[in-house]
Every structure is written in C-alpha cells, then in structure tokens.
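Should a chain be cited, it is by its letter among A, B, C and D, assigned in written order, with residues numbered from 1 in that chain.
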Amino acid sequence: MQAVMSPEDMMAFLETVFPQVRGEFLVEEMDGVNTVVRLLVGEKHLRPGGTISGPSMFGLADVTAYVATMARIGKEPLTVTTNCSLDFMRKPVSGKDLLAKARLLKLGRSLSVTDILIYSEGMAEPVARANMTYAIPPKRG
Amino acid sequence: MQAVMSPEDMMAFLETVFPQVRGEFLVEEMDGVNTVVRLLVGEKHLRPGGTISGPSMFGLADVTAYVATMARIGKEPLTVTTNCSLDFMRKPVSGKDLLAKARLLKLGRSLSVTDILIYSEGMAEPVARANMTYAIPPKRG
Amino acid sequence: MQAVMSPEDMMAFLETVFPQVRGEFLVEEMDGVNTVVRLLVGEKHLRPGGTISGPSMFGLADVTAYVATMARIGKEPLTVTTNCSLDFMRKPVSGKDLLAKARLLKLGRSLSVTDILIYSEGMAEPVARANMTYAIPPKRG
Amino acid sequence: MQAVMSPEDMMAFLETVFPQVRGEFLVEEMDGVNTVVRLLVGEKHLRPGGTISGPSMFGLADVTAYVATMARIGKEPLTVTTNCSLDFMRKPVSGKDLLAKARLLKLGRSLSVTDILIYSEGMAEPVARANMTYAIPPKRG
C-alpha cells in the first residue's frame, strides 16, 4: 500500500482546508495504512494541572483519521466525520507533545474506519484510544 | 430531583476550573436531570463554509455532561471523562449558537452517564448526538 | 410522520429475514419516529443470577433500530448495522421482559441513526442505552 | 507481563459462570496483554445468506475482553461490561470460525479497557472492531 501524496502535500492541503489549526499538527508518517500525526502542544491545549484538554485530543484523533483517509483517496475536502468513540485512559505527561498512531481498518466506497492510539511522547502506554468513521462523498461520474 | 447549586454558582465554578473557555458556554437550565448549555459560537469555533468544528461540538458535549453530573454531586473538579461516543448528523446552521440538551441517565458511586442532543438554535432536528461517561473520584472518608 | 407499513407487516417481515429469532421480539409501537420493541425474555436470554445477557440486549437494540429504519424506508433486507455504542447502566429485573424505546434521529440517503433506551418492564430508570447506525443500500435507478 | 492462570483454567471458569455458551468459545492465547478467542461458528450464529449475526459478534468481543481482564486480575465473576462500541466493517466468510484478537489497553483499579479486532479465519482484513470497558468490583479489605 502507498499514499497517493507526500506528507508535505498533505500538510499544505490541511493548512488550506483548516487554516485555524495551522501550526498545531505535523504529519510524521503516512503510508496508506499507518499514519502518525503530532500535536504540537501549546498553552491553548492545556487545562489547569498541565493536562491536555479533551477537545484537543478529539481534534488530534479527527485530523489523524482525515489524513489516513486522504492518504488513500486524495484531496476530498467534503469528506466529513460521521461517528467517533473515545476512551480517555491516562493523564498525558505535562509539557510533552501528543502522537496519534492510526491504522486505516476499512476504506469502502462511502465510509472509512480508522483506529487510533494517542501517546504522550516518550510514554509506553497510550493516554487515549479512538475510532473515527468518515463519510466519503460519491464520485461525480 | 433538584440541582445542588444554582446555574450562577455552576458558571462561576466552570470559569475557575476551565479558565480557557471563559465566555464560551452559558448554563441555561439545570434541574438535576435535564441540563441545557449554550455554546456562544464565535470565529474560533468555525470551519471554512461557516460550519462549526468537531472539537467545538465535542467540547460542548463534554462541558454539558460535566455540568449535568456536578448539578447532582456538587463541585468535584477531579471528575474526569472516561468515554464518549458522538454521531455527527447534520450541518449546523451558520451564525447560530449551539444548544446541548442533556439528560443524566445514571449517577452511580463511581460513574455518571449522560445523553446529549446538540441543536443549532431554531432548528428542529439535532445536528449531533453524544453520550459521555464521567468517572467520579471516591469520597474521602 | 407515519410508518410505511403496519406493526403486523413488520413482524411478518422480521420473521422472514431473521427466522432464528422468531417468537423473541414483539413490535409494540412504530410511528415513523418512535418505535417500541419488546424482548420476550426466556431461559436462553438469562445469565446465572437471573440477569439478561449482553448479546440479548445488543440484539434487542439492533432489531429495534432496524425496525425504526424500515418503518420509514420500507422492506430493505440489505440494510446492515455499521456502528453501535452501548452503555450498560443497571441490572435488569429478573423475570421481566425488556422494552426498547427508540427514536430515529436521522434518516439520510445512505445512513440512519437511532437512539435507544432499554427498560425492564415496570422500572422507571433505563437498564441500558444504545445508538445504532445502519447503512442503507443505494436505490436501483 | 504474564497471565495469572492458564487458558485451561480460564476455559473451566468460563463454563462455570456462563454455562449457556459452553462449547462456543475457545481461549487460544492469553498472555496478560494479548488474548485470542475463537468462536466455533455453528448454525445458531448464522443469518440467512451465511453471514454471522451481530449478537454473536458482540458476544465474542464481550467474552474476549472478559478473558483479557480476568487473565490479569484472576477470577472475579462480578466484573461487568459497562460500555462498548463496535464497527461492523466486512461480511464474515461463510462457514469459517471467527477469531477475536484483543489487546488490554488499560487495567486500572476500577476499569479495564480492551481493543478487539475480529477476523474470519484465514482472512487478512478484520470483519469488525470493538472496544469494551469492564467495571471491576472493589477489593474486599
């Protein structure tokens, strides 16, 4: 399996479709099945006590599944999240980036399903797990 | 059933524990079972095309379940989200606030479960549904 | 809103497509939005201690969402479950039937989303909640 | 990591606590982190067309997460499922057993979280994914 574009192309595409999150995410790996995205953790992602907010972790899982899907089908900005489930399992390490490691489990004509584990950089056990379903728009004939 | 504090007390508590989201949420109803929280939609919640970002909807569902739980057990800042599932069903209406209408389905000693429907203000059909589980810390004896 | 067939037609259809579960389920209400299905609890659904098995509750939620969807689109045996999430919240009452009360939250061209609360007959608080997504096959033109 | 009992002890325990499912499941691997359980597919698990029923797949995921948890904490029959989410991704192969391959992601004092992929024997791509949360009863002091 191989991605249909490079991580650099993907980053440029993400910054066009999600300009609000520019500078927050870094696509580190992307081979068509496995995808790794880094959340560059900053002040805006933190909660008192140094933990990382739930919406920041949701956002990381969501972007990672989007990247995993686009890596195979190409640039389809109308691809939208339809379902997700998350388990928050451990407190992230204060001051560390988060790494989302994803595996594309299914790519059908109309749906993709991605499994994601989120780690604090340097920590062996995941802080969260997620699965995301994306709806892929029908091809114009 | 009755809430153990007023919506005003809850708002003051939220702004203490989540100072980053000050001014984003408004607790509109809170009776111990049913809870309504408004997301005051601003520029930071939007995506190109005027839609509201997934992390903003996740954040609204999360705060609403937190409020629904605190309304019964009182101020327990160490209560944490352990699990959630969301379905994104319709595009939110551009320029409208979101209203999360929640029902506390279970309040056990160690877990609460809340069901949430999210509406664009003035729209009859929900834009999203969510369920959130919170872990409640053990009482100190 | 109105259902496109009667509960009796639906029962006959269910017994054709799922002959294995004949006599287990009873469609009690079905108006196109709200659906109530009864699980006639028997020996095969029980676990030691008189509680009802998880697969029996999953099966009830699944059939109820199927009925809620068919009530609007008509008989489409190829409609399949793609996603579900369940919370098990209370122990069912021994020797009582289960009632699943469902609301069809979304009926799109390719997906339906149904929210379900499951009650032991006569009990005020739900024993479980579920949401189910069904994929609807494309119409043949 | 190591399991606190052998697969044979686990099988004997399962047949005591779930006598209804005797002969349906086979614990194939169990090392304290990774667990493999086989569903010996028979007539009762099938739907018309040779596919395997949703409740059968739910039941397999549920038993597998239970085994994965007991493998570490020992025999705790009061451990109960509190939450699950499932994605059904492909049609199982007719006439083949199902294999559930699980990883225990978290074992806390009161909750375990297990990730599961379900395969038709001999098929490279998973037919379903699931995650299950179990509540572990407090230790008697």
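Methods note: a contact is a pair of C-beta atoms (placed from the backbone, for glycine too) under 8 Å apart; a residue touches a chain by one contact, two chains touch by 3 or more.
None of these values were measured; they are calculated from a predicted model.
Enquirer: Note the shortest touch-path length, in steps, from subunit A to subunit D.
Expert: 1
Enquirer: Let me check something: if the centre of a chain is the mean of its CA atoms, which chain is farthest from subunit B?
Expert: D
Enquirer: Note whether the interface between subunit A and subunit B is symmetric in residue numbering, meaning over half of all numbers used appear on both sides, and answer same or different.
Expert: same
Enquirer: Can you work out the whole-Å distance between the CA centroids of subunit B and subunit C?
Expert: Distance between chain centres, rounded to whole Å: 28 Å.
Enquirer: Distance between subunit C and subunit D based on Cα centroids, please, to the nearest Å.
Expert: One centre to the other, that is 23 Å.
Enquirer: In whole angstrom, what separates the CA-based centres of subunit B and subunit D?
Expert: Computed value for the inter-centroid distance: 33 Å.
Enquirer: Which residues of subunit B are in contact with two or more other chains?
Expert: Within subunit B, residues 82-83, 85, 87, 89, 133 contact more than one other chain.
Enquirer: In the complex, go through subunit B and note every residue touching subunit D.
Expert: 82-83, 85, 110-111, 133, 135
Enquirer: Enumerate the contact residues on subunit A facing subunit B in the complex.
Expert: 17-20, 44, 46-48, 53-56, 58-59, 62, 80-89
Enquirer: Mind listing the subunit A positions that touch subunit D in their complex?
Expert: Where subunit A meets subunit D, its residues are 85, 87, 89-90, 105-106, 108, 113, 115, 117, 125-126, 129, 131, 133.
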